[in-house]
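The structure follows.
Note that the chains take the letters A, B, C and D in the order they are written out, and that residue 1 is the start of every chain.
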Amino acid sequence: MTEILKTEGLSRYFGAVTAAEDISVTITAGEIVGVIGANGAGKTTFINMVTGYLPPSKGSISFGGNPIKGLGPRKLMRKGLTRSFQIPQLFLELPVIDNLAIALAAAEQKQFQMLRPVRTPERLGSAEEILEQMRISQYRDEMVTAMPQGARKLLDIALAMLGSPRMLLLDEPTSGVSLEEKYTLMDTVMEAVHARGLTVLFVEHDMEIVRRYVTRVLAFANGVVIKDGPVEEVLADTKVQELVTGKYHEHKNPGGDA
Amino acid sequence: MLTVWAILIDGFIYASWLFLVAAGLTVIYGVMRILNMAHGSLYALGAYAAASALGLYYAGGGDQLWMAFVIIAVCAITIGAITGLAIERGLLRLMYGRDEILMLIITFAVLLILEDVMKLIWGTTPYFAYQPYAAMGRINIDVLTVSRYDLMVLVVSIVIGASLWFWLERTRIGKILRSIIHDREISQAMGVNVERMFTITFMIGATLGAIAGGITAPIISVVPGIGIEVIVLAFAVVVTGGLGSITGAAIGAIIVGLARATSIHTMPELELFIIYAVMAAVLVFRPHGLFGQAVARKI
Amino acid sequence: MKTTQQPRTWQHVLFSATTSIFLASAGLLGLAANASAQDSFKVGFVTFLSGGASGPFGVPASQGAKLVVKAINEGTLPAPYDSQGVNGLSLQMVEVDEAGGPTKQVEEYRNLVQRQNVNAVIGYISSGDCLAIAPVAEEMETFTIAFDCGTSRMFEELDSPKYVFRTGLDAVADNVGAARYLAETHGDAKRIAGIQQNYAWGQDSWQDFTLAMEQLMPEAEIVNNQTPQIFQGSYGTEISALQTRRPDIVHSSMWGGDMESFVAQANARGLLSQATALLTTGESGLHRFDGQAPNGTIIGGRGPFGGFMPENDLSEWFSKAYEEEHGIPPSYPASKAAQAILALKYAADNSGADGVPSSEQLAAALKGAEFPSVSGTVNMGLSDGHQAVQPMLYGEYHFEDGKAELRNVKSYPGDCVSAPDGYNAQEWIKAGFPDSSCD
Amino acid sequence: MHLDKTEISLIGVAVATALAAQLSPDWLVFTLTLAISTALVVMGVVMLMRAGLVSFGQGLFYCLGGYAVGLGGRFLGITDALLLIGLGVIVTVAVAMILGLLMTRYREIFFAMLSLAFSMILYGILVKSHGLGSTDGFGVVDWTLLWLESETADGANMALLLAIGLALTIALFLNRYFKSSIGLACEAIRENEVRVEYMGISRQQVLYINYVLAAAVGSVGGSMTALAAGHVDPTLAYWTVSGEFVFIALLGGTGHVAAPFIAALIFTLVRTYAVELAPNAWQMILGIVLLLIILFLPKGIWSLFTRKKGAAS
């Protein structure tokens, strides 16, 4: 079992506000880790820091044994660390197939090619393959604007998978998706994850989903990791119940907010 | 030493005029995120309305200074509010939610239309309503002279700036407007009538433009095209100061005013660049202007 | 891929079809215009109808031209222009806006000549437009009169012009005349300052004026020159900058609304009680200053135009007719436009052509000619017979009892203010005006 | 290398236009030449628009191209049109490579205003250059094309053929460019910069390349205008001229390489007739047309051609 991601004393302050404080976590390759916590507990801040969107105020991060603090999303993606978003980050006014084609071109480091069409037969093939895998083939030639939220979430995750990453951070993959669709969506995603042998860390509010798909859980509260361990152990913790899950159950469906 | 005083006096007088011209532009942008290219045309409309009304007044034998100011104020406010209302209700309302840059281009079209409308109404002969400017006389300081009218513009500018600040920071409407600036969707969800606020804001911004024109009318000769000359200047000021910020517009106006006065007194040949050079220099170091803020994308 | 390719083919068909229809119909329009029989003479008249130059220059010029064209067609002009029409043909005027810059004007010029099939073009206030149009006019072999633009480079850059004429003086004459007037009337002035609009006209004027002053008043010191933006409107800072230099004379080539604004502001600020203003185009404000310029302000009218028109049948007729129609006496742009139309009538009437005179015939008739005009007799004596030589006049503005008039008017003959053929204007001034006669 | 249908159509239209021009009156030939030159500059504006940037200062490169032709002919004694155009491109690319470092950091209104500022600085420099004729500008020397002389009776036609040739080359290139990785990367940046970064693409580098290329294309348009009109002056860099390019770009839409050409031709003809029919109100006509386009054809005239496609899907 090799360590893939390790943070030590990772902290982030916005002026006087502490968004994340002293987060030290080690993730092993192949793990599926859930991140839970109330809104504002520091989950997204943590993901943003790890993926280079937000510079940490303090602490260190290493990926695959190499320090990555200070690297931007671009360099991290090349190292095999990437993410999806709570609000899908897609090219709304482009056809779905082009969303994928450009991601594939970028993965091949061919983003500066000027005279060859981005839609090469090979790329179209790979794109169709992942659409198939994500079960959104029917939107192939549609604009992203024509897709429902669930399909957008899947496309967002598909884009993240195209750069052949080793580790994927999913920010609330099921938020904004109806209760019935959640499990199908997660099944589809996990199938793709397992097919690629990825390490996954994902933020989730729905404890049922956490229970079903995750082996280990990080519980965040007030910017601090209050508990880290196997699912049942964390969910049974009284402090977690008080600060995370208890609060969670009062708001049944918190998706959609930033 | 004389030159230093002259630079300070001229710089602040010019800055006060710049602020008058730019205030409406920055208010509209701040609340509505529309960079109104037609602002120059509102300036020109105000100038034409005031100049032609003053012309009638003086031709009719009037010679009261206070009456002249009443005429300027009434003309500018009327024409500014009416045109502002017409543009907002008749056109912009149909376009809300579009790109900022598209709104810019829509107002560019309004500018083209208003330029010709003014020509059709007022013709091309210059209007020349110098009487109030001449009647107010001047103050002599050594060889330097300062026109009392210019000092009045300075005072008006400070009053308008202070009122705008008070309006935005201390009144109920101001509070609502600030909530719209902060987050339009949430304000809407909280029951703020955003459209009505937009109408009010646009009318006020347009009226400010017209007032700037009306108050400038007695200084200049009002000719077709003055609006186009003014708009780039106003842009430079608000972009330097930071779009949407009243304080920014004031500081931008002072910086540009002093820079220009310095250049005219010491190196007149550089005058044309100085405004753009200041703007470019500020943007290089503060990409959103001195008091502007970047908006982060939600992810 | 089918969904995207299918429409693409028909969209190209549609695209090619529209393009061809466009081209074909435009071509037909051109041919149709070509085919119409000519019993009239068509002249294109180009002047500013929009922008800042339209009010003071473009529109009065257009009004002056229209007035004369109407009188020509009615046959109501005084002798020797009392015959109806030009060479018996009715005169049709097509008006075009000069706004938009030289590139657009070249395009409009080609439109006038090739699409509208005008027989001649008169126009151009902007020097840039004249410089761009002149070679095109020569290339297209079309009789063209520049009525106002003042650049001395126009004929310098055009070797052996054939079709292009200018019936007004160049800006060198304005400024040499101004310096001569100063030397004669304000010989004791020590400190000279200037304020010019920041563009070619302003820069050229100041250069010519300062060169001439070095020759004519070497004692006087040039203390400052301000170059505000064109159409800036407010000159507060520039006025203080001038005041701190304590000038005796302030020379300005500003025109139109800018000039009027500057005068009003400088007067209110007291600059004009410290210094005398010399306004090379001041005449256009003669009836508009209303006492805003102090008495004694020196003004010019770019030659014997507007208020400087000599008294003759033509000028009396013109002033009266213009005032009747527009309520104010004609300013110099109106007179200059009238003069160009008269030049056209003169050329057409004397072309010896049967029917519509060709450009060659018109050019031959006007080359080197002397023709009577609202400004007295015009002698096409320079640039190989293509450039008018006329006297330059300056006078002082006086305003009394609600009426403006010119006093102390002095006239300098054409040979005294314009460089003879073969000289570059600036070299001619620097060399001390060789071959000039000022008697 | 095989040609796709768009390329065949482009070549076909170019040849048809060149042939039609032989039968057209001279004024139309000239108008067409200017329209094509304008369209080239607009193409640069469209390239930026596809990346989400609106330039109110493309006149900067238009003007550099024009002045390179003017100065190259006057002071370096170059008369060959292609060399002059090449000179313009070199100068423009050099300037754009410096400005691009800065410009690619800006978006939206700030990009628009900063580009306007740089264009106006060039305008200011040229106005102050008395030796270059200040605002009057100066004439372009008679030029040659390889072994042909422009001064011959058919000079206008030659200019048109040159313009068509250049336009075709650039259109063929851009047609491929728009469909290529970098072309799509530009659109992706317009749509969502965050995602672009997470895909491992440098926004700055993509925008920089796009900016420099757009500048080069604009320069060719400027050079061509100068060769056709025979005169250059600082107005080329004035902001209202850049505004006109934006206008035409919107008129045509950014959907296809042919759009700017159609839009420029329509714009030029509308303006020509508007100026003639309503000399006092042509700006108003332009303004109204612009509003109608934005209201009813938000994707430009080109959307008329592709509307059916949208309806089908």
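By our rule, a contact is a pair of C-beta atoms (placed from the backbone, for glycine too) under 8 Å apart; a residue touches a chain by one contact, two chains touch by 3 or more.
All values derive from a computational prediction rather than experimental measurement.
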(request) Could you name all chains that are in contact with subunit A and with subunit B at the same time? (result) D
(request) State the pair with the higher C-beta contact count; candidates are B-C and B-D. (result) B-C
(request) Averaging each chain's C-alpha atoms to get its centre, pick out the one most distant from subunit C. (result) A
(request) When you average C-alpha coordinates per chain, which one falls nearest the overall C-alpha average? Tell me, please. (result) D
(request) Can you check how far apart subunit B and subunit C are, centre to centre, with Cα atoms defining each centre and the answer in Å? (result) 35
(request) Round to the nearest whole Å and give the separation of the Cα centres of subunit A and subunit C. (result) 72
(request) Round to the nearest whole Å and give the separation of the Cα centres of subunit C and subunit D. (result) 33
(request) At least two other chains touched by the same residue of subunit B: list those residues. (result) 115-116, 119, 269, 272, 299
(message) Which positions in subunit A are in touch with at least two other chains?
(response) 53, 85, 89, 141
(request) Could you check subunit C for residues that touch two or more other chains and list them? (result) 3-4, 49-50, 198
(request) Note which residues of subunit B are touching subunit C in the complex, please. (result) 2-3, 6, 9-11, 13-14, 17, 115-116, 119, 123-126, 128, 130, 133-134, 137-138, 140, 143-147, 149-150, 216, 219-226, 229, 260-261, 264-265, 268-269, 271-272
(message) Which stretch or stretches of subunit C touch subunit D in the complex?
(response) 3-5, 7-9, 11-12, 14-16, 18-20, 22-24, 26-27, 30-31, 34, 49-50, 94-97, 101-103, 106-108, 110-111, 113-116, 126-128, 131-132, 135-136, 139, 151, 153, 157, 198-201, 203-204, 207
(request) Mind listing the subunit C positions that touch subunit B in their complex? (result) 49-52, 54-56, 58-59, 198, 224-229, 231-234, 236-238, 240-241, 243-244, 246, 256-258, 260-261, 264-265, 267-271, 274, 288, 292
(request) Flag every residue of subunit D that touches subunit A in the complex, lowest number first. (result) 173, 176-177, 179-185, 187-188, 190-192, 194-195, 197-202, 205-206, 209, 313
(request) In the complex, go through subunit A and note every residue touching subunit D. (result) 51, 53, 72-74, 77-78, 82-83, 85, 89-94, 98-99, 101-103, 105-107, 109-119, 141-142, 159-160, 162-163
